[in-house]
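Both of the next two complexes hold chain A, though its partner changes from chain B to chain C.
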Partner chain A sequence: MRRHEIKILIMRAPGTNCDTETYRSFKNLGVQVSVIHTQKIFKEKNLLDYDIIIFPGGFSYGDYVRSGAIWAKECEYKIGTELSKFVESGRPVIGICNGFQMLVEMGFLPGFQGKSKYPEAALGNNSYGYQCRWVRIRNVNKGMCPLLKGVPRNMILRIPVAHGEGRFLFPKDKQDAYLEKLYENDQLAFRYVKADGSFPEGEPWDNPNGSFHDIAGICNREGNVLGLMPHPERAYFKWLMPDWTREEGGPEFGDGRYILESIVKYVEKKN
Partner chain B sequence: MRFKAIVYVKLKEGYSDPEGETTAKALKGLGYKVIDVRVSKAYRILLEAADAAEAERLIEEMSQRLLSNPTKDDYRYEISEVEC
Partner chain C sequence: MLRIVRSPRKSEVYSINLRRASDEELKQIAKQLGLGLSLEEVRAIRDHYDSINRDATDVELQTYDQTWSEHCFHKTFKGLIETPEGVIDGLLKTYIKRVADEMKPGWCFSIFEDNAGIVDLDDEYAVAIKVETHNHPSAIEPFGGAATGIGGVIRDILGVWAEPIACTDVLCFGPLDVDYISLPEGIKHPSYLFSGVVEGIGSYGNSVGIPTVNGAVYFDEDYTGNIVVYAGCIGILKKSQYIKKVELGDCIILAGGRTGLDGIHGVTFASTELTEKSEMISRPAVQIGNPIEEEKLKRAIKQISDEHLGSAITDLGGGGISCAVCETADKFMLGAEVQIDKVPLKYPRMRPWEIWISESQERMLLSVPAENVERVLQIFEDEQVEATVIGKYLENRLVKVYYEDELVAELDLEDLFNPPRSRRKTFWKPQKIDEPNFSQPDDLSAILNRLLSAPNIASKETVVRRYDHEVKGCTVIKPLQGWRAGPNDAAVLKPLDDSWRGISISSGMNPRFGKIDPYWMAASVIDEAVRNNIAVGGRRISLLDNFTWGNPEREDRLGGLVLACRACYYVAKAYEMPFISGKDSLYNESPLGPVAPTLLITALGILPDVRKAITMDLKSIGDSIYLIGITRKELGGSEYYHLFNLLGGSVPKLDAASVPESYRKLSAAIDEGLVKACHDLSEGGLAVAAAEMAFTGDLGLEISVDSVIAEEKLRDDFILFSESNGRLLVEVPKRYKEKFEELMKGSHVSEIGWVTKGKSLVVRNRSRILIDSALEELYTSWKTPLGGSR
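Now for the complex of A and B:
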């Protein structure tokens, strides 16, 4: 498929607030991008007209009940079948921040046995309140997630987080077994790292939310559903990076582009 | 028949509760000998059901499907019949 033929749907919901940044980033990659309100999609149910679906960041439905919970249940009820078909067709579904919370609440992530009826994980809150700042994450996927093929393995990316509830959790009694499964299936995508590239092991600052095993992002077993707490769209252009005025020359883009371009390249090559 | 349910959702034991910890600190600051605070959410739900058994089944379902995430939350509820 040629790049300009790729159609991306950014699903907007009441309270999402990263649709425009996400739109501008993908637009810059030369694909067709539509930002459409969830309610319109509920009516038209035309998900399969698109090649990639993005659930953007924000605070859908005011984060009521739990972050992403209401959005997830609404989508499950109104377009659950279509969304499952989309995922089963192998097309990419990306959840960024609130979108990640939503995909976890919906049962697509971690999705050890396909979509689960009830969430198998949670994104809880942390002791330091709302965190909006730059962090470092490392691509720890060993190659199973095709969406990350364009991000060099072990590469450290600087990307901002902006969330109150981003602490990745498994049920306490199952966390070791579930972590083992993540490793077995190569479902780990990104982990928070320190400046020297080592893992903070839950320590504050470098791990912004006390996330279990420093998890910043995971994919499903098949590798086509990806969720991450940091915002690649907020680090897409060079002038969004924190030190861009200090760095002369260098790449034209920020680190977030690696992730978004890699997703587009996957669709380009696959079809 | 009309029923009133109060569903309490709280973090499971063993998960840190930053809201409770912060509240405990503030209460201690006010001079109270507070040992611990855990925060829960309460939903008051009015619903129609054929009988008490159905009301309980529905509330159980709601608690599992939306009000709690089994990974980190525990829930309990109280149900009573109310006049229409």
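Now for the complex of A and C:
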């Protein structure tokens, strides 16, 4: 598929607030991007008109229950079947921040064996309250997730997080088994790292929320559903990077572009 | 005689017979209705009803109360003030607006006219900006008060058809370690207020999806009884979107959240002093915020604005529907008819006057030509926002309010917008504060580390990180610089996708200078806001004033206010930077006395190209460090004196004639690419600024106090910690030195040091080393006191 033919749907609900920068970043990659209100999608149910669906960051419906929970239930009820079909067709579904929370709430992630009926993980309260800060994440996927093919393996990316609930957790009694599954299926996508590349083992602030195993993002078993807490769209251009004024010349883009471009390239090559 | 009686109508409306009422009776009536009007004002209303010879309704009197409140009408800034030098015919006109009136800058698109000041960004786009205070509500209920402060100022920006793109907030509290026992009844502990306010701002601003990019937090004893919460918002709009032209017959649409009993008499509350009873009496005046409602409203209004469907828009702030409708009608020389039973309510059985003046949050009032109403309602529905046509604009300058077909108020706008002008007297006696006398401490390294830990200097990271400053992906210069999170001077945003043009937002405030001299306090904070802006590369700066002052009915408070306003005129005029908007909060008095006289100046600058923006972190070993400006023995109100619990009288003054010239040259040097880093000198003076630049860049720095241009021979500690205005530190690579010096010729600039390999800050004089402190030590002193982590 040619890049300009790729159609991306950015869904938004009341309280979604990262659609602007997500739109801007994908637009820059030369694809077609639409930001559409979730109510309109519920009416038209035309998900299969698109090649990629993005659930962006924000506070959908105020996140008054659990982050992403209300929107997830609404989508489940209104377009659950269509979404499942979309995922089964192998097309990419990306959840960033609130979108990640939402995909976990819907059961698409971790998705050990397809979509689960109940959430198998949680992005709970992080112990330090809301945090807006830059972190380093490492691409730890070993090659199973096709969406990350364009991000060099083991590459460390500088990307901001901004959330109050982003601590990835499994149920205590299942966490070891689940972690093993993540490794077995190569479902780990990104882990928080320190400046020297080592893992912080849950310690602040290199791990900004105390998440289990320093997990910042995972994909489903098939690798076409990807969720992550950090915001690649806020690190897309060089002038958004925290230390850009220290670098003379250099690339025009920031580290976040690696992730977004990789997703687009996957669709470009696939069809 | 019974003057207030239930009218014989279905709706719960009371008739008030004001005619020929005595002063005693008028006072009684005002008290019974909970009005905040002065006796003189109630008399004027009585005279009006005498002349039209009918009873008033409670809806009408409540409207007068709202419209004539200090909060809505700004009586003090518009009134007459008798000073020893003559009568001032309105502070606003005489001092604040006058700068723009005389300058007539072509780039001011709309100033002091609407909900926000609007200036050009480029030929097509304009930037709207507004800063508000929300002090009283935040003192009573910090979370809700601060959250709705943010909510309110965002709606001010929506109220000029602009899309909000950034927020600012400046907060002042009493010292966090104040003893509980020392607090009088009704005064909440600063640490409770601090955490509530920060949480409230974060909760609202983050959820509504607008980055909080600039701000400050100050601590001072004089804020213990009166906390200060400033909330600002910046928006962007196409100039063609700014439509304000209501025609006869246009429909009045109320959109957003439902109306409830929260926020009744908010303006009255804002215009009185805080007492131990405030919590009991005024708790209902604090509104309850729902940021998601505002997020939806924001989207819908952007769409309506893009499609040019409205003929006017205004936010519902102080005074609720009453002020929004009456002010809009008055502005376009029209009248209006409103059916307030159509207003969607949170719960049934609100009285007509309550619906009419409730200040419930997240509501906007639009004026829409009949042919566009259907489309506008559709847009609101698509965003899941409730919107209702509640009336229309008519001729006659009469506003008629109906409740279930009964006329419950008929307001003559001519009279409503002609309150008796206040006439007040001032009295000002300059304070005589002795300059302290102590010898220079031996260990200046220790002093510097203590200063870096002072609450007004130490890192505010724990606050800043609670706010999303990255959302929307436009924040080019962030509040915290780089991985070391140093204190940037101003925020820079890139608001347009296809243009490198940027805006810079900075602020200036000082909690102590005002206690010594309000005139020089105002001059200093204007300069601080401006030099912060210049430091990142901003220019063509416009200013906003936000006064937080004590009770203006007391002559000494008003005397100080006049002085501060006078400074605003003279400094802004000399700098050629007009005021474009402002807001005052007076009556900040508590059982602990008046608030410290506080003026917040917000500066909005333009950057032709954000890629040339400058940050404050040192960049390269070997670069030269220049100090711009003259250092004087001006330590009155300084953080240095405060370390020893001293105030002092030598408040920093300002040479408004020569300082702006050096700023212009610096801007030129930035444009030429000669400047690698730049940082303003404010609290803590030269030593603190140098330390901040060094530890943020993680590079050593060596400076010599002998090279500092001082007015007289000064003690080393005075050179290092003086807070004289007009000074900045600049990093210039060796290869550009000559060019830089050439450009700066004629201004006070001297090379005082260079960036070194060693990881420490070294300060010398001719004979010895004064400070030698490891960067890590300085960094820890600065970063950790308020809870920041290393």
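To be clear about the criterion, the second predicted complex is superposed on the first by the 271 of 271 C-alpha atoms of A that agree within 3 Å, B and C clash if a C-alpha of one lies under 4 Å from a C-alpha of the other, contacts with A are read in each partner's own complex, and residues count from 1 in each chain.
Convention: a contact is a pair of C-beta atoms (placed from the backbone, for glycine too) under 8 Å apart; a residue touches a chain by one contact, two chains touch by 3 or more.
None of the values given here were measured: they were computed from a predicted structure.
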Just checking: does A:Pro119 make contact with chain B only, chain C only, both, or neither of them? Give me first, second, both or neither. first
For A:Lys73, is the partner it touches chain B (first), chain C (second), both, or none of the two (neither)? first
Quick one: classify A:Tyr236 as touching chain B (first), chain C (second), both or neither. second
Considering only touches as defined above, state whether A:Cys18 meets chain B (first), chain C (second), both or neither. second
By the touch definition at the top of the document, which applies to A:Gly30: first (chain B), second (chain C), both, or neither? neither
Looking at A:Thr245 after the superposition, I want to know if it touches chain B, chain C, both of them or none. Which is it: first, second, both, neither? second
With both structures fitted on chain A, tell me whether chain B or chain C touches more of chain A's residues. C
With both complexes overlaid on chain A, does A:Gly202 touch chain B (first), chain C (second), both or neither? neither
Residues of chain A contacting chain B in one complex and chain C in the other: 129
Taking the complex as given, what residues does chain C use to touch chain A? 202, 206-209, 290-292, 295-296, 382-384, 464-478, 481-483, 494, 497, 610-611, 613-615, 617, 619, 697, 789
Per the contact definition, I'd like the list of chain A residues that touch chain B in the complex. 65-66, 69-70, 73, 105, 118-122, 124-129, 169-172, 210
Which bits of chain A are touching chain C when the two form their complex? 14-18, 20-21, 24-25, 37, 39-40, 57-59, 61-63, 129-134, 160, 162, 164, 195, 204-205, 231, 233-234, 236-237, 239-240, 242-243, 245-246
For the chain B and chain A complex, residues of the former touching the latter: 11-12, 14-16, 18-19, 21, 64-67, 69-72
